[in-house]
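Okay, so here's the structure we're looking at.
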Amino acid sequence: MVDFIRTRDQQAFSLARFAMENNVDRTEIKKLSTLARIEISDATIDEVTNSITDILSLVDQLQAVDTTGVEPMAHPLDAVQRLRTDIVSESNQRESFQTIAPMTEDGLYLVPKVID
Amino acid sequence: MHAKTIAELSHDLQSKKVSSLELTQYFLDRINRLDSRYNSFITVTEDQALAQAKLADAQIQQGNSSPLCGIPIAHKDIFCTDGVRTSCGSKMLDNFIPPYNATIVDNYLQAGTVTLGKLNMDEFAMGSSNETSFYGAVKNPWDINCVPGGSSGGSAAAVAAHLTPAATATDTGGSIRQPASLCGLTGLKPTYGRVSRWGMIAFASSLDQAGTITKTAEDSAIMLNAMASFDSKDSTSIDQAVPDYRADLNNSLAGMKIGIPKEYFSEGLNPETEARVESAIKEYEKMGCVIKEISLPHTHLAVPAYYVIAPAECSANLSRFDGVRYGYRCSDPKDLDDLYRRSRGEAFGEEVKRRILIGAYALSAGYYDAYYRKAQQVRRLIKQDFVTAFNDVDVIMGPTATSPAFEFGSKSNDPVAMYLEDIYTIATNLAGLPALSIPCGMVNNKPVGLQIIGNFFAESKLLNAAHQFQQATDHHSMAAPDID
Amino acid sequence: MQWETVIGLEVHVQLATQSKIFSGASTTFGAAPNTQACAIDLAMPGTLPVPNEQAFRYAIMFGLAIDADICQRSVFERKNYFYPDLPKGYQTTQLDKPIVGPGLVEIQLADGRTKSIRIHHAHLEEDAGKSLHEDFHGHSGIDLNRAGTPLIEIVSEPDMSSSEEAVAFAKKLHSIVMSLGICDGKMSQGSMRFDVNISIRPKGSDVLGTRTETKNLNSFKFMEDAIHLEVERQIEALEDGEIIKQETRLYNGDTKVSRSMRSKEEANDYRYFPCPDLLPVVIDDNYIEEIRQALPELPDARQQRFITTYKLSDYDAGIISSDAATATYFESAVNTCNDAKLSANWVIGDISSRINSEDLTIKDCPISPENLGLLINRIKDNTISNKIAKKVFDTMWTDAKDADSIIAQQGLKQMSDTSELEKIVDDVIAANSAMVADWLSSDDSKRKKKMGGFMGPIMKATKGQANPGMVNQILSKKLNALL
């Protein structure tokens, strides 16, 4: 009998959502939707706000951890970047790329007028 | 014939018992006949498959004895395929036909495989139930009222329904192992960097890893032999020789040290699932393995850390979908901003939008340190747990998922409940470790998976452990009902 | 009130690599739209970046040239914003760990002062594409050929206090990157672009005023004009009791008008984070040392060498050494003629003005430095006078012939035959008795000047080819003999 399987770690999985004070509000969601350029309709904004608040409470468990002196980890492997030799290896494929483009003219991609 | 493994089919092809053309036609017929039930394929590439099969037959005639030559497979629709629509399960890419192949697609073509088509998935691989696909949910062949798991739900369902002998898949937080577990299959997520990410549409770049879903561990080894490569086009690809993953399959497991993390057997785990996993571990004990309790103390932080890091990376990775160069573009945009907001608002599904917004939040001014930086620090603590554990044990075992397949709609309105579905699988993505899931029994006529986690680049050891289990038991040869 | 100006610069320098910073597409200027934008540059799904080694080498060369620390573990970050010329929706750049750390650049001003400008850092990043605003039925056209061209962005401290200093600094950077050969320096093609941060404050104050940023200036002249305009605008505003708004401005060099940039009005939150597709770039000491050893001579060192070796003035040495090509030209000329002073005069004078007026670079100069050296030799050996030399120079410029054949063909050789010259002088004295009488009756102090009057007719008689020194001698001897 592998009895350790019976050793339940009650504390390790306190999956209950942390009820932290970190509620995002509609204004904040609007701001995020502008930053991310994603239209959120008025009809769904409350639902989006609630679900994001929910997720953030899950994520807020991180705040309880002492990470003093811990180096942030951006990559799973401690590898370093390889560099490429400076050679032109690509040829013109404009036609093939632009057959799948929504709107082009004279080889240019077209977008509604850009105002600097 | 559809119940056969790649190893068996390969034998039949080499001994000319069957041709690749016959085999391919056979699976195409099954797809046409049965897939309306499962919705596992987004695109079936019949003409191309038949042409490739003829080519493979010619190669076999000329003595090509590669075990994959002439074997039909299917790709998750996240891998770019030259000239074939690659949708990533999204309305955004419904019209996207890439003019290039993913490296792994090329690798399989090189090995002589036949591509049956492109498999359904959660939109941009974001989901654990395959309910977020623009092309509709995929049904679990074991119980069509239940989800197949996700995000590689199409890959798992297609293999479980014997519509393809094997499938490619990707795993960012459990997206290979959890559907493999829910569909009674062998799902392998290799070490981060072992398989090229070139041409695989990115969800979270530092977590995404391609792998396979097959019937057996032996088939996984055969598939990984072709899939794994060093790729100079992927900066995170590791320049390390690819061993023959079949070489160690038959090694004895006597003396192998297996770590059982106590944190993987806690509240939230279905007791019957736990019982199946427990008996699987006892099976290993019988094979001479040494079982050892270990602790991975930061396990409970894996899901929270993941839901900062993955959304942060995805929020940037998905910015390229802007309606300018390819993909969906809203009609009659009134200005540039409208083009962006509506194209993205109309073409991304709810879950994708939610994750992009969370990512933008976690990276925005004032929150970066509290969320993103903190999550990256916790990520190191989680990796360190594994590094410490592997000082004492060869592999780590536990459940893949908390329970067998659940019903449609039961979690789809509660993102947090859905996220916790990946509670046992996510930590390995954060750490970059290889892991696999193999079937280890049934609960209520639905499969349960055993997860085996290995040290960096220890895929051979994982496959060895899985293969030996499959030699001693027959959980892996159980077939879903009504697939004939 | 007396105001003082505070200026800081951000300089974008396109690196002269063959291929882009993260892809193998060509960086050649002027190709048809989007023919040099590969799948990576277009941010096609599933594509991944791999950095160009040469871009790092060039950035490190710049760092060593300004005595800066080289970051041994630099990291690329994603700077997130939406713009149609930015295909990925983020720019891959460096933030916390730029490749080049703090450094110093010394500038020289017209009044002879020198001043040190501190460089905060320089980082590697990718250039964006171009939005073409010509009207395509109410649309803008996007050309992504430039997207992914490697840049270093050099960020100065706000150490400049006038347009003169800012321009001197900009020119110095131009001279450094040209000398290093890491940038083609073609300002009109956007190879070097300047963003100027300007604020003003009451003279003597040590509090910085609110600054504005005028973006994308691509000539020294525009930069100078834009600074004058902006300083004036800010002074006027403050004196009218208005406050300066922190904003990004665009300057139009043709209309000489600047305006606030609308697209930058909305405060942006760039959400920088380390790019997960790229790993830390580790640069070791050996690599840095190897680059240091191969570093070409820099403008400051060259100026010093020209002062000591060629005994040039600070000013002349400064001008000639600022650009590697000019310096090389000068030294080749000196090699031929062995006369640094005359070579410097010609290079700074006729050569430079001709090049500028014809919008050429020294590399396109139709007169080779060897031919210039030969021309100088003919001046030195009295074959031709300075005046004739200018004529020969003009012909060399247009006909691409060497000095000797032009002198021979056009018979421009200086007349130095004593007996021949004596005869001509005699003839001129004989034909101008009134001038002779005038000379004889003048007092000593005026005679020297009046002797010059005979030069005209003598030169006319010799078609300007008489050796002026000899003529002077003979004339003086002959006139004095009449006393």
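Should a chain be cited, it is by its letter among A, B and C, assigned in written order, with residues numbered from 1 in that chain.
Heads up, the rule we're going with is that a contact is a pair of C-beta atoms (placed from the backbone, for glycine too) under 8 Å apart; a residue touches a chain by one contact, two chains touch by 3 or more.
Note that the structure is a prediction, hence the values are computed from the model and not measured.
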item	value
Leading chain pair when contacts are tallied as C-beta pairs	A-B
Chain with minimal offset from the mean of all protein Cα atoms	A
Where subunit A and subunit B are represented by their mean Cα positions, the distance between them in whole Å	20
Inter-chain centre distance, subunit B versus subunit C - centres from mean C-alpha coordinates, in Å	58
Distance from subunit C to subunit A - Cα centre to Cα centre, in angstrom	46
Where subunit B touches two or more other chains, by residue	96, 98-99, 206, 232, 235-236, 315, 319, 322, 324-326, 336, 340, 360, 364
Residues of subunit C whose C-beta touches two or more other chains	39, 42, 44, 50-51, 80, 82, 84, 142, 269, 271, 276, 278-279
Sequence positions of subunit A contacting 2 or more other chains	35, 37, 74-75, 79, 81-82, 84, 93, 97, 103, 109, 111-115
Interfacial residue positions of subunit A with respect to subunit C in the complex	35, 37, 74-75, 79-90, 92-94, 97-98, 103, 105-116
Subunit C - residues contacting subunit B, complex	39, 42-51, 78, 80, 82, 84, 87-90, 142, 269, 271-273, 276-279
Residue ranges of subunit B in contact with subunit A within the complex	95-99, 192-193, 206-207, 232, 235-236, 238-239, 260, 262-263, 265-268, 274, 278, 281-282, 285, 291, 293, 297-301, 303-305, 307-308, 315, 319, 322-327, 329, 333-342, 344-346, 348, 350, 353-354, 356-358, 360-362, 364, 370-371, 373-381, 383, 415-416, 419-420, 423, 430-433, 456
Contact set on subunit B toward subunit C in their complex	79-80, 86, 88, 93, 96, 98-100, 102, 197-202, 204-206, 232-236, 312-313, 315-316, 319-322, 324-326, 336, 340, 360, 363-365, 368, 372
Residue ranges of subunit C touching subunit A (in the complex, touch as defined)	17-19, 23-26, 32-39, 42, 44, 50-56, 80, 82-84, 131-133, 135-136, 138-144, 250, 261-263, 269, 271, 274, 276, 278-282
